[in-house]
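Next come the structures, one after another.
Here come two complexes built around chain A, the first alongside chain B, the second alongside chain C.
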Partner chain A sequence: MQKLGDFKLPQFFNYPPYFTLQPVRDTREKQIQLWKDLILDYCKTHHIFVIGLEDQDFPLFSNPAIERSLTYEAREAFLSALVAQGRAEWLDKSRRKCLVLWHRIQDWANIVLDFVKDNGLEDSVMTVEEIRTGIESRGTELHGIDRTVLMRALKMLEQKGKLAIFKGTTADDEGVKFSI
Partner chain B sequence: MRRRPGIGGLQTAAAARDQYRQLGENVAKIRTDLMKEQLTTFRTQLEDFARKHKNDIRKNPAFRSQFHNMCTKVGVDPLASNKGFWAELLGIGDFYYELGVQIVDICLATRPHNGGLINLQELCSLLRQRRKSDREAVSEDDCLRAISKLKVLGNGYEVISIGKRKLVRSVPTELNKDHNEILELAQAKGFVTVVEVERRLSWTTGRAIDAFDTLLDEGLAMIDDGHKDGVRRYWFPCVSSISTPVGADG
Partner chain C sequence: MAGNCLQAVELTTSGRPVLLPTEIECSLLSAVDLECEDLPNFPHLKSGLLILTTHRLLWLPDSTTTIPTASSSASAIPLAAITHIFAAKKSIKSMFHSPRLRFQLSVSPEGRVPDSGSGSRSVVVTVVVRGKSDLDAFLSKFWESWRGRAWEIGDEQGSSNAVSGSGSASSSGLYTREGTVRMVGVSGILRKEQEMWESTDKSLQDAFQDLNALMSKAKEMVMLAEKMRQKLLSGSQPNDEELGSKQEMQDWMLSVGIISPVTKESAGAQYHQQLSRQLADFVRLPLERAGGMMNLIDIYCLFNRARGTELISPEDLLQACSLWEKFDVPVMLRKFDSGVMVIQNKSHSDEEVFARIKTLVMKPDALRTGISASDAAITLGIAPGMAKEHLLTAESKGLLCRDTSPDGFRFYINLFPEIDPNDLYLVKDYGIYHTWLRAASASG
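This part shows the complex of A and B:
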């Protein structure tokens, strides 16, 4: 079985027709399902949050072993399907960049709550950067999380009254006061 | 017996003919009786054999196949019913029933990929992977027998021969001669092109495209526009195995 690093690629990835968007509806739906699952799986394993459609280096877009690459149209079709399912969002109107939610925002919010409880931070204050990259985050899924995704999760929690977001001392950092 | 002329001679000849005839009938009867007896003996011996070699029959596919052949010659069908001597002795009815269920399962699971047509070889391979923990090995012969029992249930399962391969069909799709010819061509590389079909089968473009369109609609074919030569290829999952890697020149 082919691997990308430690990641095991599914069998269909080695079958050339899967790299062409299929015209027959039933076949296309099955094809899209397979690619959606692969993209989510891969992004989750590698902690990838943003996919650029024009990115030639994104490993899933081509398979050199069979000399096939996904057309732009195909890439857009698969990612659009993920967006329709609520597992991705377009970051721009021209649909060139896509935010992949291999955890939904709701799931990230719960992960933040668990993180706070596990570290006894119920009444503390932390900067967003600290949540993302601080010592406590090491070994958790929060470590290295995309900032946009984290802010969305925090805002969701803010609306539920679990915390308050405020501007920090530096222009580009924000802080969070937990009140869980 | 000396022939004597005259009526007496004729009567003697008639009597002689009668006696010969009776002898002939007796011989025939003896032969039939002998055969019946031999057959019964043979059946008994077959049963003894089955009892003694129960384990081998269960475990060894080649042995099992030979055993089936012997049974056929004697007019015994161990799979005729799930009850009765043979089924109880060998539990073979259960074996094939179970195989049938697994085959149906595999066909359903692979249908999204191959459209309901699967290579017999691949089916057996997937079957063996599934049954890894079982002590009973499975051969293509076993698969064919199990599938023939499925047919009796009217599930639409059938084995068709295309070129050198056998394909198991699990959907009611009827393939016509044109479709079969394309599938046969596709066995070489797993795909064909329109030009190839036109050239090798001497078809018009229209006839080729018609056949391809049907095969695409039935989910038996997929298009591939990704080759650098820009020529569209039609791939047939049922003739290649998803577990064997496809070469780069495909």
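This part shows the complex of A and C:
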């Protein structure tokens, strides 16, 4: 089985037509579906939050073994499909950077809640950075989370009244007061 | 007195010849002898001035050197009496002699040039040009005047029939017998040119008038044709009578070059029907050889080449093919999504072609590297262009998938339906996906 880092590649990754955007509607829909799943799985495995379309190094978009890679048009097509599904967002108007939500924001919010509960942080205060990179987060999915994503999750929880976000003592960081 | 042979020429006081009412001078030759061996009483006309006019040939004695004698005075030969002008003879002898010009004259039995009518006897007169003159130019003018037969026009006014612009209407009364001559030779020629220009101009204007008239008529014609076409289109209930006249109208319009728009509803003009049948017959053999399907353009070329003459236009071909729907012929016209039009046997089945393509594309090599249009062409025994159309159609049916790369444009068997979307890693032990995997893994 081929791998990209820790990620196991499916067999059809070696099927050349997989890398050509199919014109026939039914075939294309199937193709898009497969790519969407593959992208999400890959990003989840490698904790990738942002994909740059012009990034030549993103390994998922090419297969040297069969000498094929996706065209810009194809990449945009697949990512747009993810965005339409709500599993990704364009970070800029020119659609060059895409935020991949291999967990939905809702899911992240739940993960934060679990994190708080697991560590007994129900009434405490933490900075956002601490949530992201602190000792407690190590070994959890929160570790190294994209800041934008985390803020969105926190905001969602704030709206539910589970926490409050405030400006920290230092100019850089924000703090979170949990009140689960 | 000019002997008994030739006519006398009246001279003015200054020695210019008096010309007839419509006579115009055409050319002059100096130092000319007139001889006639056949007539013993032909006057002795030596070294005089030969004047060619539209009516006569005048010989005037050179007043500076010759004293007019009884035997050599101004004489005239009416062009009407000339029966033939000989071509200039060019020989070694003529190079050393003075240029000569000979013509045949019709005279009375006594040897007189008749005033009117023609004589019964024929003699040959020779014009010897002693001086330096261009005999050829004179000769051509001689021909012109003689052929022009200006003397036959007589006193008629305004006849433009004569050669060399004898605009006689304007020139009548130009010469008087009293001796007052308004025009001399050169200006006569100039005048002739002028008149020629004027008449050309006038006829050009007339022509343009005609052209304008033609154009307005043409516009009417086109409008009429359009109206008829509209009428045919809107066509009321066709009973037999009307159908007949409709047919006629269509034929007529077709001959004028307007394609009838009714051809789809009606059976079409006879021409197209016949052509259609002929085409269906012709197409049978090439179609077989091409494997049952042929590009319309290829048919066009083959058909026209076979016809040799009376080639048909692309529109005619298309019409003829469209008519096949109405007849019971074993061929049909087919248009692909890509716009390519082909003729195929009705017995041709797409399914059969797809089955053959599928077999081809499931071969181990094809599974590994796919097939190109040329591969398919070789296997299916058809033209590469046709093969491509088949592959594209198979793709649209979901049988094949395309692969575009720097290596080219190739097709593979469509695996996508075989992949379980819920388990991306699952490959069953049977089926196309399994076969493909085996073939793909077998390569190095």
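One rule holds for everything that comes next: the second predicted complex is superposed on the first by the 180 of 180 C-alpha atoms of A that agree within 3 Å, B and C clash if a C-alpha of one lies under 4 Å from a C-alpha of the other, contacts with A are read in each partner's own complex, and residues count from 1 in each chain.
Just so we're on the same page, a contact is a pair of C-beta atoms (placed from the backbone, for glycine too) under 8 Å apart; a residue touches a chain by one contact, two chains touch by 3 or more.
Since the model is a prediction, treat every value here as computed from it, not as a measurement.
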Chain A as common anchor, with chain B and chain C clashing or fitting: clash
Chain B versus chain C as contact partner of A:Ala65, first or second or both or neither: first
Which superposed partner A:Gly175 touches (first chain B, second chain C, both, neither): neither
Touching partner for A:Val24 - first (chain B), second (chain C), both, neither: both
Contacts of A:Gly134 with chain B and chain C, given as first, second, both or neither: neither
Residues of chain A contacting chain B in one complex and chain C in the other: 11-12, 14-17, 19-20, 22-24, 26-27, 30, 67-68
Contacting residues of chain B [partner chain A, same complex]: 112-113, 191, 216-217, 219, 222-228, 233, 235, 237, 242-243, 245-246, 248, 250
Chain C - residues contacting chain A, complex: 370, 395-396, 398, 401-405, 407, 410, 412, 414-417, 419, 421, 424-425, 427, 433, 436-437, 440
Sites on chain A touched by chain B in the complex: 2, 11-12, 14-20, 22-24, 26-27, 30, 65-69
Chain C contact footprint on chain A (complex, rising order): 8, 10-12, 14-17, 19-20, 22-24, 26-27, 30-31, 33-34, 37-38, 41, 67-68
